[in-house]
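Following are the structures in question.
Okay, so subunit A shows up in both of these, paired with subunit B first and subunit C after.
And now, the complex of A and B:
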């Protein structure tokens, strides 16, 4: 009898509590910046694709829902020829983001991806690529890697000496 | 056998080895860079440091480099010792100070020895914060990519390229911390073995350029054990596929055959599989009055076969299974070997010599251990490249043995032994029409016409055995050569005699057999090695069939209505006129092949045949070794194995034998029962129902990626993966993860060893056979006690005929093979058509270099630009064989100019 009354009292008190329910979709829940939602491919500070097609995201993916093909431009810069994520398989674990050596693939605080047709959950590169640096502004992989690309020759990367003159005998 | 104590546990090891080999053979993980089982030790990288202790009381010990330390009984070492481990970690740290932070864009990543060793030593974080040294790269041709920044100065590349493979144009330049590995200037690497640098280099300085066009990591490839189709040697390869195209060929270690290396034709000649010229769907060409479209193609085939007599033409580049199926389908009396008259004569003679003679055919590794070599009429570098690499090793055997016994230095002490050996070489004699790349190693190289080569061979065998009659009318030069060769061979213990198809001369083959047999008679353990033109030439010859000429006669006489051609371009087997005539007279031509070629143009029905990458089958190599290649991936479209097409046709026709066969195992057993010469091919690979721990062997690695996305663009639901009903392998990543039987190893991988160096874990000892024995079965063994029947008739000497030239074939590693030229890189290195003349002949016909020489053969006009070469026999003319756009002029033959 007492416990019954106590329960009713507690429920009555809830009328005066702050509401926890968001009136979605009119009202959106605030998501933290590192919330693992929709996956995007970001760009480097120069506006170029960050993805170099190293296949590490695909290898890290526990459900194998990423597939891509690397290719390169005439100056040796690598980029993905196609990049496909099957979001109907994705479990949003974020391993791909952790594996990415160039900060290209990032999980964004956005979950509004539902589709009536499952086929529409297959995202190609033009669906994934965004015009932003995402969570890691300023990072440019090719500025650090020793590979020569257009407008960045050998020795132009950070902490690099100019190329060795192999004909020189000086120490 | 000495006992060594590793971390206080005793182990038995093999004497004469170095500590690193011993430790790796025992299964320990010890990092190394500069050592390679085929190249020996130089102690350059300081990576394999271990602690050695004087005795049980010694607790302090000293660091030694395992690769430079011979094993001794009661040796005490420690691998786990903290000093040794710390030293190894620091050495990696130093090597990495200049490493360019580009694994993500490096083609080696995922199969990189440097990555593996860095992880193994525990060097996780870079603690060097100063600048990095950089280098400019070089253009090295169509096969290899150069990225010098990644170099760790282990010297493996130059040691392989110069010391092992005899290359001239790769070297180390500059000094101190600026050493540079490359060419003197940009340009194509000349060696035919340059592709091995991609595997030899422990990091990504040299990487496979054809792989770069469609780059895929090793873990993403679907791979299967395969056999190279480039020549008759049967090198073992691993072929890898991704997204439905063949991506890469890598070496598959076989201790008896190719060992650690491949030639560039074998490594890069795979791109025909991805060619736009592929026949992907069956095609029925109608002519007026033919029945309706829409019928299954097999009904068309059956209707055409009903019309009249059917003959079948086999192929030396098709598997044994396919040739057998065709032979059964059309009947043995209607089966013709799809090879030229010349090739047939030569290969059948070789087969007879090996089957009935007392001398055995050498494996490639036995050839590398020969102590004297005689090459008769063969430019090995262009006709059987890997055998040329073996001969290069054989030439070093005697001097190395001498050094080992005189300065008491083990043979694996590479730098010291090379220093002591200097330029001394073992006996190698080459008799060939032209100069060859091996001439530089030869104690004697003679260039003369094929008939004269055979005469010298006969003279040598006369000097060795009284049973062979003397060759009359020898020149003084020839006599001297024969004496020198005979003396050298007599002094040897395991001499090797090499001859083959490129001289196109039966007498040369007979002479080689005579020499080997004469040596055998003397009690010398001689070996023979014959090169054959194509990957299954030997198998086809063992299967047997009628000559191609008889097939032409059958058709010309109107006896045969329908011709079934198996994986063969008849325009490469006969001259254009005969071929055109032949096809004009055929009522129906049914072709099973991979690519649209001249023959496909003339066929009424085309059936898309799977290439080696999409098929299972068996090939017999030049030494009579039957080897199985397994399917890498299921082909798009209707492509399937030729034998499967033929079995389906047979089932539709109600063939009494073939209709009961469905799978690879069935057909292999049927071959064995029908032809006892192939006994044993059943056990080349485990049967289809073979399971390890109840599971199949996966073709894909455990890291294989993209399963649920790669076909999602077509449909979001994944299709059922293809099943392999023919072999013990599966097309998926599910299956047994341990070490499979040696004949079905789809890829080499061991925990912590992602690169090709993981092959150590699959060997009984480093550089030794694979666990369970090297794959393949030799079908031809010599008759040990056979009565030697020497060939008695030496040919007449070659005399130049005025107004005529003797056309001799010149083979090119890049160009002479039919399928490999579809690789753009190989096509780039192919020579343009030419005719090679001696300068005196050129003067005789009033032409100079670059002029066109006109001649007519069988009513066909030829016009070829002239190249002058004074090494060529006067009165002979060399013409390249097999080049596309080069019409077939039968060689050797005399033509009137």
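And now, the complex of A and C:
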């Protein structure tokens, strides 16, 4: 009986405690930098798109919400012809970001994507591309992996070393 | 003498609006006690949430399950609101402000509040749903355990004032409120009253964490709304009865009119009901029955006998 009265009193005192609520539209909750929200395609330091159209993100996606078509420019550089993410299916698991070999696809701390029309949740490439390097500033995939140009394979050009043979066990 | 229709209309208007306002009040107070804000957007302090809730209830699909007993299913929600509203007939809000000042007031209150359990049993039975039936069964078992000691606890007040008439009972508290000589009776009546309104911690027939929504699992729209309103009217009724029987009704220092004193006291008990909901765990229904029959029932009998003995002794000396 006493414990019941005591708990009633303690709960009554909660009236004067600090509220735990964020008054959302006016007062936003702080999102951590690694928050998995809206997906974006980042650019390399030269302002070119990082995506090489390898399809790994589409393969990793558990809900199949990513669809793209790879193509090549005149230098043999691969890029996506179209890149489409259906955010009404996306579960924001971040597997695409983990799968991406070029840090192109990244999840940003932004969740305010509500739409009245469901079709508006299908983001095309120009919706996804952002003018930023995202979480990896200064990273340029082709500067590290090398790039074959006309008549010269990787590592054959001036001031270049041949690439490491990743299939060999020899040091 | 004022026109009785004004009193009837006024009481109905105030009660139904108060029951609607209690929805907002309860949500706000529960939120405060859980370190939240509660509904605070629509209108000043969010009070228009009541309007939004009511509109929503009106526009909900008024669905009767094909497997239900249709006549009883429709009839049951009306019983709860009607029986509670009928109980308010005998509540004296202030001198002269009472719908019917009958000399069997308490008996009428007991009869009408007991009728309320029919809505639970019938509603649960007519739903033809196992959870609803379990809720109805619990409601019935809860009713037979609290009704007895509720009546017996009230008898202490009747013995002290010598009348079933609630206005006379209030007048009899001129010198000292019955809470002091009838403390045990007050505690027992309050417990029985909480069980009567089927509020936490005694919301055993509803028990939304165990039985979906108990006896009204199958109800939607305004039929559910009637159960909802009936529950809040029940809180107001029990609070008003506690005030009338034990806290001197409209009596109070004369700088405020009597009806204001009545409203203030009733409001305090309504807040107590909400605080109980915020802080109490729910007992099993066999625990409630055991507690009722083995502890509260003998205690209320003892209270009645001691009160009667003292009254007899005082009248012969």
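Just so it is clear, the second predicted complex is superposed on the first by the 143 of 171 C-alpha atoms of A that agree within 3 Å, B and C clash if a C-alpha of one lies under 4 Å from a C-alpha of the other, contacts with A are read in each partner's own complex, and residues count from 1 in each chain.
What we mean here is this: contacts are C-beta pairs under 8 Å (C-beta built on N, C-alpha and C of every residue); 3 or more make two chains touch, one makes a residue touch a chain.
Model, not experiment: these values are computed from the prediction.
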Quick one: is A:12 in contact with subunit B, with subunit C, with both, or with neither? Answer first, second, both or neither.
second
May I ask you to decide whether A:151 touches subunit B, subunit C, both, or neither, giving the answer as first, second, both or neither?
neither
Considering only the touch criterion stated at the top, classify A:4 as touching first (subunit B), second (subunit C), both, or neither.
second
Identify the partner contact of A:132: answer first if only subunit B is touched, second if only subunit C is, both if each is, neither if none is.
neither
Which of the two, subunit B or subunit C, is in touch with more residues of subunit A?
B
Considering only the touch criterion stated at the top, classify A:20 as touching first (subunit B), second (subunit C), both, or neither.
second
Subunit B and subunit C footprints on subunit A, overlapping residues
none
Listed in rising order, subunit B residues that touch subunit A in their complex are 100-105, 109-110, 129-137, 147, 149-150, 173-176, 178, 180, 212, 214-217, 219-220, 243, 703-710, 712-713, 715-717
How about subunit A: which of its residues touch subunit C in the complex?
4, 7-8, 10-12, 14-15, 17-21, 23
Using the touch rule from the top, collect the residues of subunit C that touch subunit A in their complex.
32-37, 275-276, 278-280
If we count contacts the way the header does, which residues on subunit A are in touch with subunit B in the complex?
52-56, 58-59, 61, 63-72, 78, 84-86, 88-89, 101-102, 118-119, 121-122, 124, 141, 144-148, 154-155, 157, 159-164, 166-169, 171
